[in-house]
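Should a chain be cited, it is by its letter among A, B, C and D, assigned in written order, with residues numbered from 1 in that chain.
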Amino acid sequence: MIYYVAAISLILIGIYAVLVKKNMIKIVLGLTLIDSGVNILLVSLGYVKDKTAPIFSNPTLTAGDMVDPVPQALVLTAIVIGVAVTALALSIVIRIYDHHKTLNINKIRELKW
Amino acid sequence: MRKAIAVLFLGFIGYYLLSTFLLVPFGVVRVLEGVGLKYLQDGLQQTGAANLVTSIVVNYRGFDTLGEVTVLFLAATGMGALLYSKRPTERARQNASVIVKTGARILFPLIIILGAYVFIHGHLTPGGGFQGGAIIASGFLLMFMSYRTYHVNHVILSRVESSAGSVFVIIGLLGLAYGSSFLANILPLGTANTLFSAGVIPLIYVAVGFKVGAELTALLDTMLQTVK
Amino acid sequence: METIPFILSILFGAAVLAYLVGKFNYILKVGVSIVGLIWAGWLFLGLQGTLSSFTFKMLGFDIIWRINPLSWLFGMIIFGLAILTAIFSGSYMKGKERVDFYCFAMCITVASMFGIVVSGDLLSFFFFWEIMTWSSFLMVIYYRYEAQAAGLRYFVMSMIGAYAMLTALLIVYAQLGSFLFDVLSAGWSGFSLTLQIWLFVLFVIGFAVKAAMMPLHTWAPDAYTISPAPFTALFSGALSKMGIYGLALLFFVFGAGKLASSVITIQGVSLPGYILAWFGAITALLATFKAIVQDDAKKLLAYSSIGQLGYIILGFSLSSSMGVTAGLYQAVNHSIFKGMLFLAVGAVFYRTGTRKLSEMGGLITRMPYTFFVVLLGIITVAGMPPLSGFTGKWLIYEALIEKHLIFLAVVAFGASTAAFLYLYRIIFTIFLGQRPKRFDEVKEVPWMMRAPMLILALLTVYLGFYPYQLLDLINQAQVYMGIAPFDLSHSMLFNSYGNVSTITVMNIVAVVFFIVFILFNTLYKRSRKVGLKDIHTSGEVPGEEINLHYAVDFYQPFARGVSIFLKRSVSKIYASLADNLEGLFDVMRYVYTGNGQTYALFVVIALAFLFLVKDFLV
Amino acid sequence: MYLDPVLMIALPLFAAFLIPPLARISKGLVKYVPVLIIGFNLYETVMLLPHSMVKPVIVIIAAWAPPLGINLTIGPLGNVLALIISLVGFVVAVYNIRFVEEEPNEKYHMLFLLLTAGATGMVLTGDIFNLFVFLEITSISSYALTAFLRDRDGAEAAFKYLLIGSMASTFILLGIALIYATTGTLNMAQIAVRLKDVDPRIAIMALILLITGFGIEAEMFPLNGWAPDAYSQAPTPIGAAFGGIVVKAGVYALARLIYTIFSFQGIFHFILIAGIITLLIAEMSAIRQKQLKRMLAFSSIGQMGLVLIALGLATTRGVEGGLFQMFNHAMIKPLLFLSAGYLVFYSGSKNIEDMDGMGRVKPLLSFFFAFGAFAILGLPPLSGFWSKFIILSETISHGFIAVATLALFGSIIEAVYYLRVVGRLYFKAPHDGAKVQYVPKSALVAMSILALITLVTGLYPDLVMTYLKPAAAELIDKSIYIKAVLSAGL
């Protein structure tokens, strides 16, 4: 349960950063925080008490001893997607910085109304 | 003002999210008929991979992974397109201290080997193509940080990316041609827990490993080159 | 192949073909459109009295195209006028830019109007109605630079009307599950009273916009003025009749006339009809006042047209046998005389290059044929014997008196009398009086333009003698609409107040005319010609630059007198309404602040909102 | 005769991977790759139509029958949308041949190819997490393409888009997590079956999260802040692709959610209300825009509002109208964008007031723009008329007369701003600065295809409707979809 609380708090903190922080790098960090929160949440949904990783590394293990492998597989995908988005976000920030010479998101409002 | 509004609404959302997730019991098997359980029961026989996460990622949900590889490829391409400039400007990097440099020189081959190990054994032990690729890229990152003039050859990176990606799709297409469907396993499963087992899974993971390693390295390189 | 779709494909084909070959040869494109129109008109003529119909399904809706006496009558107005104006344009448009575009829009407009009259269901009716709107819009904006504002106003007003109609017909569909007229006429009486009133109002708005009924007329003066002259004739003569046709459908085919039985009636006229009648009468009166003070010949005729349509609406809304006869008769008649007047003004414009009344004069000797046409035209408009206008006006008054609607009759009569003022103005300032020097070399227009005008002019004379054939057709339409036919014999119009023999009237007029003609000719020989500047102002001779033309401030005292009616222009109210709305919209777009974080905040708020109302979403 | 439909996704990815080596051999060749590959997709979707109309085609991937593996479910709906996407993609790819001169243009073509592939994957897949992955492919390529041109504020628009898009993917993932936690499966058909036994308190939360996420892609107000910026700053063909491809996929996901997966009734009212608000705000914002492409962007949002209204009606006929509207919008909005792109290029300015007199300078381009404007206003006999007509008819039939009136009001506003632009094109004297160059043939071919389709469907709407009817039926009666998928597993 504490995992839920922690994960949701991470998500909320991330969204807070996205909503409030003025520095675009911090906003991108907020996005990664959100990602981590979601990933933790996903993994914790797959967790089953007293069970082990879903790898048949020794013959004594049976299917009943393992946690749900699907969330882990999903998280793997989600992490990669998160990385990709972050990388792209950072390169966009670089482009914006080149153009405007500032990282303050309030100053970047060429497009409005 | 904005902070207050943000906190207010986030509090709202947090409350509702939490109260909903609390309805989902933690740490127990909730769905008896779920696909997760089926994978656990039949995965070893069906795919021959000891690591079930790998068998899900590469085999059962291999299509997702193809998409995932594409996403990473997209990010690299996108960055390349966004940060493209005719004459790349080199960022004034500082040379690291001798200790770091020497350490890096020693560690670099080891890191690469570790990365290779991780993705080659992806179907046996925790790890896989993505993890291995990330490790390899971290090796390159170390080199970037230690040596001011360290460069990687773009053409080679791009070739590795392209060919690894193509190998993934070609394996999938071979499955279509010789097996029953796209990405279907066409190789013998072998005995579980040995290196040459699990059909096409290791092949795909090796390709993914190369691809991820090359792509992440390319990402780092692109960012370093254009930041002024 | 079925005749109706064949005619439609001829017309649309002619439009496209005229546009395509238009790049190569002038004669070809005009020829294509004229031949197409005549061919289609000829085929259509053959459909008289038949009940040809063509049905198919589109998107699961039943579509029916059919001919009945009412639609045949309106169809003939369209084709007659369209062919004549097309021939007129053949000469008028020579050397103008984008004639291919003109021919295209012309053929499409005619095709869509034809589509409207043959539609037997609301869906195709609306379909063609919209095509008519945009194709005529293309015509309004033909003269690029000046036309944009007028065109936009026309289009927006038409859209408002069309959408009112669309709402009404969709409500009908929701109630009855069919767009067919037949189903509607059977089902109308089953609607609740409120629904009937709503539908009535919505349909009337839709049709009234096209019929330029006040206060929805504001597009008309500018649009009429700005469109190319031959098309204006078609616009006023045929296109605005579609509104009238719609009203006829509404009252007598859809069954809105049955509303009379369930609502209050005033002197035998149902309340909605009565209100509509007042709208028609006021339109007639105010538009006439407006027309009198215009200096632009086409604008004058435009207001005149609005006024005349007011009469037609007035006739229709009475729903009596005589009223409807009057309305239909006047509709045909209006097409003829407004067609010829607009063509004549166009002809004058073609030669002189101006529409300003205060710049012309004395053209009678230079353009005698055109003068003759205008003369006959204004006599018809005024409703004086012996020409065809007389019968129409006479029927309207009779219909009003029959219903004891004295006030309406007074208003209608007043408007008719006031119409003399502008009619006099138009013939006097253009053709009589002194001629400015620069128009000394003006020649009569070519025969290709003369012929259509003359044909229309002769038609009014013919109808003045023999209105019976037309009335006979109208009677057939009335039978179809479920109204008792008007009582007439070969040369007599019967009703309770006495009978009229048009032949007698014509004979009397002919004799009087002959006497006056001889008198005038003998007196004229002794008159002296006076030049425009041939006056003395305290011994000074006025210079060239001073405009002493008698048409400047022609009816100034009158304009002062009626200014109280003219001061509050409806179009200004609309304009300020539109401005205010745009201001409001401008505020709305500030939602998009340009700050990415604000957009993200919107997302969060939306999510929180959804969470809050989640119990309603289940 | 069709090949395995999985090639519709595999081939574009394969081609995208191979573009960098190809670019080193010959740069000129790269731009034909998207044309070829998307052309193949178009062929596939057309060939699949007769099959999918009868019975959804289930394509098994990696030899695992659903729900174990991922599968492509090509029902009528998915097939029609894939057809729309491929068609728009093909046209835009043809247009691209001569449009993008800016370096590195092989990357541009690669990104565009992946954008199309991602959207195709979204509408074809039968797995909700796979849907998410393809959504990410689509949006990441969109972010990159939005910022592609260097001489504009593209980066700013892309950052806003990315910000909101990432939040969308967060919510979608949370929703998927809730669904997986309670049903234990990711296959959409199986989820639909199992959700019946799930605590509705959880299910509704999952739906809300997913709707918010996909609503962002579907441009639902107030989630559409990114749209005007992204549309107007992206290279023109990409603006067209947003309207024709990305949004369509988003709406598809939305429809799949509310119709097939979940069965909550109240949500339809929400969609209806959101639709009308979206439409009105967008049209109001559009009327005072100074930039042509930004105006088109708002108009596009407005059109999606109409689609949402149709989807919110939850009747067969309403959904048919909505799908038809989507089809029309996918044909017309690219036409407008593509012609506007060259108008902007030749007039040398993005502003509407600088478009004066382009009708003289570039008659054909202006004609296409005017044609598109007339079509999107719903003037007969162009195709926009029928879809608007059906939607409004259905709205009124269900007693939402106020909604219909407001929608018509929006249409009138739309008429005003479109005609203002058309008026400027034709009725003002051209500026001196206008460049007089020839429009490339490829662009004209692209626009002609779209215009022709608009005209033909307008004259004979049943041509399209025949295929939309089963698609609508698939949405309304979810058992068709579920049965087809789950029986493939046996």
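Operating definition for what follows: a contact is a pair of C-beta atoms (placed from the backbone, for glycine too) under 8 Å apart; a residue touches a chain by one contact, two chains touch by 3 or more.
In this text the structure is predicted, and so the values were computed from the model without any measurement.
Contact count check for B-C and A-D (C-beta pairs in contact): higher for A-D.
Placing every chain at the mean of its C-alpha atoms, the farthest one from chain B is found to be C. Centre-to-centre, using mean CA coordinates, chain B is 74 Å away from chain C.
Inter-chain centre distance (chain A to chain D, centres taken as mean C-alpha positions): 28 Å. Once the centre of each chain is set as its mean CA position, chain A and chain C turn out to be 68 Å apart. Separating the CA-averaged centres of chain B and chain D is a span of 30 Å.
Shared contact sites, meaning residues of chain B that touch two or more other chains, fall at 2, 6, 10, 13, 16-17, 21, 24, 34-37, 39, 61, 64, 67-68, 71, 74-75, 78-79, 82.
Contact with two or more other chains is made by residues 11, 15, 18-20, 27, 41, 45, 70-71, 77, 81, 84-85, 88, 92, 95, 109-111, 113 of chain A.
Residues of chain C in contact with at least two other chains: 589, 592, 594, 596-597, 600-601, 604-605, 607, 611, 614. Listing the residues of chain C that touch chain D in their complex gives 58-60, 123, 127-128, 130-131, 133-134, 141, 144-145, 147-148, 151-152, 155-156, 159-160, 163, 166-167, 170-171, 173-174, 582, 584-586, 588-589, 591-592, 594, 596-600, 602-607, 610-611, 613-614, 616-618. Those residues of chain C whose C-beta lies close enough to touch chain B in the complex are 597, 601, 604-605, 607-608, 611-612, 614. Of all the residues in chain B, the ones that touch chain A in their complex are 2-3, 6-7, 10, 13-14, 17-18, 21-22, 24, 26-29, 34-37, 39-41, 43-44, 50-53, 56-57, 61, 64-65, 67-68, 71-72, 74-76, 78-79, 82-83, 124-126, 128, 130, 192-193, 212, 216, 219, 222-223, 226-228.
The touching residues of chain A, when paired with chain B in their complex, are 1, 3-5, 8-9, 11-12, 15-16, 19-20, 41, 44-49, 53-57, 63-64, 66, 68-73, 76-77, 79-81, 83-85, 87-88, 90-92, 94-95, 98.
The part of chain B that touches chain D in the complex is made up of residues 16-17, 20-21, 23-24, 30-39, 59-64, 66-68, 70-71, 73-75, 77-82, 84, 86, 155, 158-159, 161-162, 165-166, 169-170, 172-173, 175-176, 179-185.
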